[in-house]
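Take a look at the structures listed below.
The following pair of complexes shares a single chain, chain A, combined with chain B in the former and chain C in the latter.
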Partner chain A sequence: MVGQVVISGLLAGALYAMVALGLGLIFGVMRVLNVAHGPLLMLGAYTTFWLFHWFGLNPYLSLLVSMPALFVVGVVLQRLLVRRVVDAPELSSLLLLFGVGIALVNVTQLAFTSDLRSVEYLTGSFVWGPFAFSKSRVIACAFAIVITAGAFWFLQKTRLGKALRAVSQSREVAQVCGVNVQRIHMLAFGFASALAAAGGSLVAVMVAIQPEMGQVYTFKSFLVIVLGGAGNYPGALVGGLLLGLVEQLSSLFLTTQVNEAVAYVLLVLVLLVRPTGLFKGRAS
Partner chain B sequence: MKRLLLAGFTVLLVVLAFYPMGGTGYGVRTMLQLFMWIALAQSWNLISGLTGYVSFGHVAFFGMGAYTTAILVTKLGWPWLAACLAGGVTAMALALVIGWPCLRLKGPYFAIAMLGLNEVLRVIVSYYEGLTGGGSGLSMPTLHASVPIYYAMGLVALLVTALAYVIVTSRFGLRLMTIREDEVAAESMGIDTFRYKLYAFLLSALAPGIVGGLAARDQGYIEPMSVFPLITTITMIVMVLFGGKGTIWGPVLGAVLLFTFQEIVWARFIYLHQLIFGGIIIAVVLLMPRGILGVLQQKYNLPRTI
Partner chain C sequence: MTTFLWRVAATAAFVAILAPIPVHAQAPIKVGASLSLTGTYAQPGSYQKEGYELCADHVNAKGGLLGRKIEFVFYDDQSMPATGVRLYEKLITEDKVDAVMGPYSSPITEAVANVSEKYQKVMVSPLAATTSIFKKGRKYIFMVISPAEAYLDGLVDMAAKRGLKTIAVINEDTLFTKASAVGVAEIAKKKGMQVVFQEAYPKGNTDFSALLTKLKAANPDVIAASTYFDDAVAITRQMKELNVNAKMYGVTVGGDLPKFYELLKQNAEYVYGATQWEGNLPYPGQKEFVDSYQKKFGHEPVYHSAAGYAGCVIYGEAVKRAGTLDSDKVRDQLLKLETRTFFGDYKVDGDGFQVAHKMVMFQWQDGKKVTVWPDDLANGKPRYPTPGWSQR
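Presenting the complex of A and B:
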């Protein structure tokens, strides 16, 4: 029982880590909390749904469409709106992105209605000894690991990735060293949106798709980056896995309804006890 | 000019005081909601407009007041006015419990913590079914008291505006604004920043608690989703921002304008209202972050205590 729960937790956690990495990138680079991260994820899920519905495209192949598409959305958002509030007090960016979020949700409602939709693609489970895991979750986890690994490779090895990390350490110094900070900001928002889209496409196979599905992921991503330490990208990975584990373990003892609050309680506790994250993050 | 404004304000108060005698039931309830929004916006302004600490879960105090009132009325049979005042007290108690640890958090972390706490509270309320009715909510016995609630709500709005005036013109208010401009500097000048932030936070929780109780009593039925929605917090914030953050009359102006706009426009575009609201938020943040009064203040060199 516990083994099953632990593995389920890790499966879910890999996905959280990937989605939260996007939120963490934006926060690390711009000190902006993207409240619209969930709605972006929702757009990714709808992309997958419609591609599957209209063209019968394999949901996992649709990642190749949803990620670039949302990358562009992210870049445009940054270019048009977020750029103007990066240096303003946090209230401005919080509100602006909240506005973007509800507008996206509303547009989706108008375009696609609030009906629950699902992609019926992979059903059934892998059985391995005493454990059983739904196929869609295992595959989503595998994809999440590959995409997250790709993101880390990009951050560690490429010049752009290094520039991005440099901006998140110190914008002024990076600028003096010749990094085009505006471009890095756009890139960061684009990548973050692409990661959210990947999350959306992967959960599209597992959960019901509706315009307001994204909100919980916004909160969970907050928690993950708080757990991991803001601006600490590997920390986000551990934070994601930890959140997955805690949620699954607590579901053993608590009713579903109360279990929803576990993430929030954890969020508040961690903020109070260790605002810099469980691992040494960058202090605000 | 000052006299003229004062005279105008007095006339307005007299008109509002006699309004329920001539107005329709619908009109009275609409005005009552307007008063509610004025009180909420004004309260948010006390903590966030003055100290710069963004209370992103301020609706928690509204919900706390609503539930306190509903529980006292249904389980203990308290009269509604006493129950609503008790709602203000429990909201302040909640603010003390939340503020004591959370006001040490800086910047976005405080905002996230407040957001999280509101959600926690909502889940707790849904869970303790014996006391709160859980997800199915609480119904209070019907009460035809729109007119008394109208006066109570109006009085709260008036008092909290007066409170804002007293604070902004006092040394206490100056200390709060110093914290907003530069907390480290404030601290090195000898201001016990934590203590003053906590005082402001407590004061900002009182009116939402009372108003939450009044609104609950007026509607007669509450449930977790209806009294803890994030959108209520956002509406308060947008009202304050639109009118002028950190000013005395800004929240009132913002509440009146946005509420009127909502009443007129949203009823016609029911499917578009979130989109329109999102657009308003974006426009306010980008185009006039100082708000109407903030802009006027700068342009015409108006006094700080506007």
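Presenting the complex of A and C:
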């Protein structure tokens, strides 16, 4: 039983890690907490749903549409709105992005109603001995690992990735070294939105889709980056897996009713004992 | 002077001729209700509203109530009890409606009943199924559907008849679902079954893996899930993902909506569901209701629509018998009334608690709901036992 629950936890955790990496990226580069991250994920899920519904497009192929589409949405959001509040006190960006999130959810509700939708594509599981591996979750986990690995490679190896990390370490120094900070901000928001979209497309195959589905991922991502250390990108990976495990194990040993509470108690403990995250984040 | 007198006389005659007309054109009876048109309960809440609307149409087509037309005043409570309370206060004190009808769901009715009691307004509540609401000494609230505790009687009854011994019960941790879970566990014990697993999950929960893993380890013959709609869909999907099999699996609310099958497709096959009403039950006036509903709204009614309509009809009947809208007189009639409508039987005890209406159980078979319990209303046999997920 513990084995099965650990499997479920790790499968869920890989996805949390990927989605949280997006939130971490924006926070690292801009010091802005994107509370509209979940609604962006929801848009990714709807993209997959409509492509599947209208054109019968394979939901996993739809990642090729939802990620670029949300990249553009992210860039536009940054250019139009977020850019104006990057250097303002934290409250301004929080309020702005809360507003953006609420607007996205309500526009979706108006456009698509609050009916539940689902992409009935891959259901059931691979059974291996006493363990069941949900097909859609295993594939989502595999995609999440590949995409997260790709994102790390990009951050570590490419010039643009290095510039991103440079801006997140010290904006002034990066600027002095000739990095176009405005452009990096824009791209970071775009990449982060694309990661949220990937999460949405993968989640679309697992759970029912509705306009308010995203919020919970905003909170989970926030938990993950605090656990992993804000601004510490590999930390997000560990934080994600940890959150997945904690949720599942607390449901197993306690009850389903308290699993979220346990996750937040963990958050408070980390903030009290190791405010820089379990894996030292960027000192602030 | 004479001219003046003539004028007065002429005016008086004119008024005398016109006078009977305003008697016919009396102001309509305003009936207020707030329903969940957005939020978690939006789906069933909207069906209930359609039931009310159709009832008003039919009553008005037959000349109205006490010679006056009925006119509904609707608001949206966004699935929130606190909003419901505010809206009923507004309906009664600001809009000054002549009568009120109940909202959707037990939690909202529980909250709103305090308002209708305060202003001594009779409130027929066609979609509140939790017993406790009616057992708090309230005077003016009336129940139409069977209580929450009875929802899965049929599932347990069928299981016990087939010699099944163990049952697992899971439920959303809110008023109605909790009551229904308690009810199913009790009746199972009475019938000699053993409850091998019981756990609640919070409203809005989406990941049931750990819960279902534990349930799987208990290896029950029967799974009874006391759900609304979103969770019924998610639990069914995740049961397949985790390869959780039982000889019978039944849900309370949500399983009966056409959307349940639309979302789950073949994975909804073999699932048992509880319902207060189905369009093909042998009750009087069934076909007229279903046909006119289909014609007005372009889709089939579900039990939430039917209960809404039936509640409104029952209130109307009581008013007719009382000959007035006066709360206490209508209340007396509602307590005395015993009737069978297209929705089934109506009779309440001294607390307004429903004692005559019967639940039915259906099973999804080839994309259709087949009534399988009780025997005297059934139009098919259950497909038993439910095969493993890989054989569906």
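Convention: the second predicted complex is superposed on the first by the 284 of 284 C-alpha atoms of A that agree within 3 Å, B and C clash if a C-alpha of one lies under 4 Å from a C-alpha of the other, contacts with A are read in each partner's own complex, and residues count from 1 in each chain.
Keep in mind that, in the parts below, contacts are C-beta pairs under 8 Å (C-beta built on N, C-alpha and C of every residue); 3 or more make two chains touch, one makes a residue touch a chain.
Note that this is a predicted model, so its numbers are computed, not measured.
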item: Fit or clash - chain C, chain B, common chain A; value: fit
item: Partner chain(s) touched by A:K220 [first = chain B, second = chain C, both, neither]; value: neither
item: Partner chain(s) touched by A:R165 [first = chain B, second = chain C, both, neither]; value: neither
item: Contacts of A:S136 with chain B and chain C, given as first, second, both or neither; value: second
item: First, second, both or neither for A:Q257, with chain B first and chain C second; value: both
item: Chain B versus chain C as contact partner of A:L94, first or second or both or neither; value: first
item: Distance of closest approach, chain C and chain B, by C-alpha atoms in Å; value: 5
item: Doubly contacted residues of chain A, that is, touched by chain B and again by chain C; value: 109, 255, 257, 260
item: List of chain C residues in touch with chain A within their complex; value: 38-39, 42-43, 173, 199-202, 205-211, 213-214, 216-217, 229-230, 233-234, 237-238, 240-243, 259, 263-265, 267, 389-390
item: Residue ranges of chain A touching chain B (in the complex, touch as defined); value: 27, 31, 33, 81, 84-85, 88-92, 94-96, 98-107, 109-110, 219, 222, 226, 255, 257-258, 260-261, 264-265, 267-268, 271-272, 275, 284
item: Sites on chain A touched by chain C in the complex; value: 1, 4-5, 8, 12, 109, 114-118, 120, 123-125, 127, 132, 134-137, 206-208, 210, 216, 247-249, 251-252, 255-257, 259-260
item: Footprint of chain A on chain B - complex, ascending; value: 48, 52, 54, 56, 101-102, 105-109, 111-113, 115-117, 119-120, 123-124, 126-127, 135, 231, 234, 237-238, 241, 271-275, 277-282, 284-286, 289
